[in-house]
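Just below sit the structures, each encoded as structure tokens.
The two complexes that follow have chain A in common; it is paired with chain B in the first and with chain C in the second.
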Partner chain A sequence: MEFLTEIAQQIIFGAVIGCVYALVAICFVLIYKATDIINFAQGEMVVFSTFISYSLVVTYHLPYWQVFIISFTISWFMGMLIESTVFRRLIGAPHLNALMVSVAVGMIIRNATGHIWTFDDLRLPPPFSDKVFQLPLGLVVSPLFIGILSVAIAVMVVLFIFLNKTKAGLSIRATSQNVNAARLMGVPVSRVFSISWGLSAGIGSIAGILIAPLLILNVGMFIVILKALVAAVLGGFGSLPGAILGGILLGVLENLVGTYLPNWVKHILVWAILLIVIIVMPQGLLGVRKQKRV
Partner chain B sequence: MNRDQYYAWPKIILYCLVGLMIIRVPIFFGDYFVFVFSIICVYIIVAFGMNLLAGYSGMLSLGHQAFFGIGAYAVAILSTRIPGFPFPVALLIGGFLSALIGYLLGFSALRTSGVYLAIATIAFGMIMGEIFTEWSALTGGPNGLSVVPPTIGSIQFKSSVEMFYFILIITAILFFLGMNLISSNIGRAFIALRESEISAQSYGISLVKTKTLAFAISALYVGVAGGLYAYLIKYISPIDFSLLIGIEFVVIVVVGGLGTISGSIIGAIILFALPQLFAGFTDWQEMVTGAVLLFVILFLPEGLGGSLHRAASRLWASVSKETEH
Partner chain C sequence: MDKFLKIDNIETYYGNIYALKGISLEVDYQSIVAVLGANGAGKSTLLRTISGIVAPARGQIEFLGRRINGISSHKIVKLGISQVPEGRELFPELTVRENLMMGAYIRAGASEIVKDLDVVYQYFPILGQRKHQMASTLSGGEQQMLAIGRALMSRPKLLLLDEPSLGLAPLIVEGIYRIIRRINEEGTTILLVEQNANLALSIGRYGYVLETGKVSVSGKSKDLLEDEHVKRAYLGR
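What follows is the complex of A and B.
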């Protein structure tokens, strides 16, 4: 019984972290669906936004709900700026060029983050109390974990309503299916691109605030964010439900393995999953296999 | 006189002059610059290996820091555990070990390509990075390993000048072999595969053999470079083989120009020699590297090497036109 409780406990913890992975995985997928670019600068964008949140919290002492909104807005415009200055030039360019450009943008953002703030480690105070309380069956949770979970789920719900019920959402979905057809139907494709980038950057900023209190905030945090790429691939790149499923699955798996097996297994596991998924089933769990034509 | 012969003589003279200059380097410059020149040589080998894969075969790998690490750790472990271990054997063991692992990684290129392959190689690089960190019994873990100077028999390369000549000779050998490889049928198979897998296959080029071979040879180069790097900096730790290093490797060939060897050399010099000359520059290096990369991809898609090549041939054409009249 105790063993089961412990497993349940670890699954809950994993699912919470997995939700944050899922949020960042959604960022990857949004940009990928709209512009066909896998944005390797996503991790750095999240870290940059998190440093903004850090300033708002620690320097300006703003309450957290304002931090979420301001950070989201600033990041939104940052995302649109990056899209309009850099990535719009790459529409139709070979995929590897876009990849290397996103790597370059990532390097620039990472270094800028260090110079604007610091290259040292910081601690972002948690947005919710991390005092644990007892649940029935011997489980424990803290308001922090419940808060992370509920914010993450709220963001996903809002995103799904946005994509499925609004006109802007409809144009994003149309563009992701076929850019040319969407353009011919009068969808302002370039605006869709910038909305997708803004949305990704904004969601990334929320994910950053949620995960940073559990980690150390520094410019190297992008590596953790990069794990969300694994979640996106696991779920099937280009599928939003897949990104969520992949994120939660990855979080749970990582936590369970980290508890019962030596630490190095946990570190290797994530990347081993990525390698195996790409080689064995590149379409992921919920993705669609693309057929290559001559 | 055909065009190739027409080009050949100035080129040979130029190479001899450059070679002579490089050999005289230690006399003109201080120890530190000799060290920088040695580092450049190491990166030229890396760039050659990366270019073989990315430039000639069209497969981008962001995990080659792992091969660099395999070569470096092989050299470090052999040279410290077995005193007097001959360096050519250590370098070859490191090179062939990474070639073997590169060969195996090459099979992933049969299942995926392009961006997905790049992600798969990131995963591979991260896994190897964790192994370097966690297998502390062998690799010394995060503390790293110190490396004994290269030894063969009673000869030991200790000073930075000896080290420079040592690395220079190996670079020259690898360069010579690589140039021949590129112009052989294997090199042409790589290029054919890059242009179109399907048409290459229809000409009888084996996808399996060629792709895995490209990975193996490129891993061999990077592995040997890693071994030289270990000898050169005398101390290695997992930080030397992180994802960021793998990205730097790709940046060298992309900035220099994919598919041009001169480009790789230019890339290695620009990105790794220039920073060494400016003190206090290291803080900004990443931003400058990123900005250069961004600029090159957006405005000089052929890379610096490719653009210079074109400018040079335009100049050459105008000069030869003048002489015809």
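What follows is the complex of A and C.
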């Protein structure tokens, strides 16, 4: 019984982290679907946003709800800026170019972050209390975990409504399915590209605020964020529901392995999953067949 | 009065290919004009150039007295030119209704747009029955109907049709051409690109024949139907 309780507990912890992976996986998928680019700078973008949040919380003492909004907005414009200054110029170029450039952009952001703030470790105070309380069956949770879960789910719901119920959302989905047709409909597709980047950067900033209190905030945090890429691949790259499923699965799996197996297994687990999924089932769990034409 | 659409000696490169080598063409208000030609003659490039997807290297396109070459494709849609592209180019994982809503992307006014959905469903009742299905689940004929319906949703003054008969059974083609004629009778000017010369000349009053990026013959459809070269090369007589 005690063993089962512990497993359940670890699954809950894993799912909470998994929800944050899911958010970042969504960022990868949004940019990939809109522009066919796998954005390796995503991790550094999230870290940069999290440092902005750190300043807002620690230096300017703003309440957390304002931090979420301001950080989201600044990150949104940062995302659009990166798209319009760098990646828009690579439309039509070989995919490999955009991929390599995204690595370079990540390096630049990582160093800029360190020079603007610090290369040392910081602690982002949690947005919700991390004092645990008892649940039935001997489980424990903290308001922080409930808060992370709630905010992550709220972001996914709002995104779902935006994509499926608004005209802007419809035009983003249409453009990701057929750019040429979207142009013929009169969609300014470059604006759709920059909205996708803005949205990804903005959602990434929320993910950063949620996960940083559980970790150490420093420029190296990008490597944790990059695990979301594995979540996206596991779910089926290009599928938003897949990104969510992949994120939660990865979080749970990682946490269970970390609890019961030696530490080194945990450290290679995520990247081993990436290898195995790509070799054995490249379409992932909910992957869609690439279907460009009707 | 200004010509409705006047194309003056345009030259277009498509990638590295010199696709249009100086084409001039005119379309009168409320007419149907047909452009014939074999594969690779430049027909689709011509329509893409008019829609602003590719820019001509030289020459000029005037629509309603206004020069439109060099302006972006979404502005050209707003001016009233809408295209049904070759191969239909639907949004496969949007529903029929969502595809039609995308056709109305440049328009404001939700109630008018919803009314126009019903207009399209009157032209093509099968689309009304399938409005909640994904476009990718439709048959070829239904997809062509959806592509035409989608283009109509922007309320175009000029409708560009690229090979609407491609890959469809003769009976389906006949039905689609009946609707194209009706769309024209209700006031929309049509520029039609078609490999099937009989079909194109039966519906258009005026025709142009494209050969390797140039207009080789043009004239009234009834004259083209009697032209020896056209007969031999395109009508198989």
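Criterion: the second predicted complex is superposed on the first by the 288 of 294 C-alpha atoms of A that agree within 3 Å, B and C clash if a C-alpha of one lies under 4 Å from a C-alpha of the other, contacts with A are read in each partner's own complex, and residues count from 1 in each chain.
The criterion applied here is as follows: contacts are C-beta pairs under 8 Å (C-beta built on N, C-alpha and C of every residue); 3 or more make two chains touch, one makes a residue touch a chain.
A quick note: this is a predicted structure, and the numbers were derived from the prediction, not measured.
Within the superposed three-chain model, A:Ile209 lies out of touch with both chain B and chain C [touch as defined at top]. Using the contact criterion defined above for the overlaid structures, shared-chain residue A:Pro188 touches chain C, although it does not reach chain B.
After overlaying the two complexes on the shared chain, residue contacts for A:Ser171 are found with chain C alone; chain B is out of touch.
Judged by the touch definition given at the top, the superposed model places A:Val46 against neither chain B nor chain C.
In the superposed model, A:Met107 lies in contact with chain B only, and not with chain C.
In the superposition on chain A, A:Ala201 contacts neither chain B nor chain C. Legend: residue contacts after superposition of the two complexes on their common chain; A:Leu217 is shown touching neither chain B nor chain C.
Among chain B and chain C, the chain that touches a larger number of residues in chain A is B.
Of the two partner chains, chain C is the only one that A:Asn180 touches; chain B does not reach it. Of the two partner chains, neither chain B nor chain C is touched by A:Met78. Chain A residues in contact with chain B (one complex) as well as with chain C (other complex) are 294. The part of chain B that touches chain A in the complex is made up of residues 60, 107-108, 111-112, 114-116, 118-120, 122-124, 126-127, 130-131, 133-134, 198, 243, 247, 250-251, 254, 283-284, 286-287, 289-291, 293-294, 297-298, 301. Looking at the complex, you find that chain C touches chain A at residues 51, 53, 72-74, 77-78, 82-83, 85, 87-94, 98, 101-103, 105-106, 135-136, 138, 143, 150, 154. Touching chain C in their complex are the following residues of chain A: 167, 170-171, 173-174, 177-178, 180-188, 288, 291, 293-294.
Taken together, the chain A residues at the contact with chain B in this complex read 38, 86, 89-90, 95-97, 99-101, 103-108, 110-112, 114-115, 223, 226, 229-230, 233, 263-264, 267-268, 270-272, 274-275, 278-280, 282, 294.
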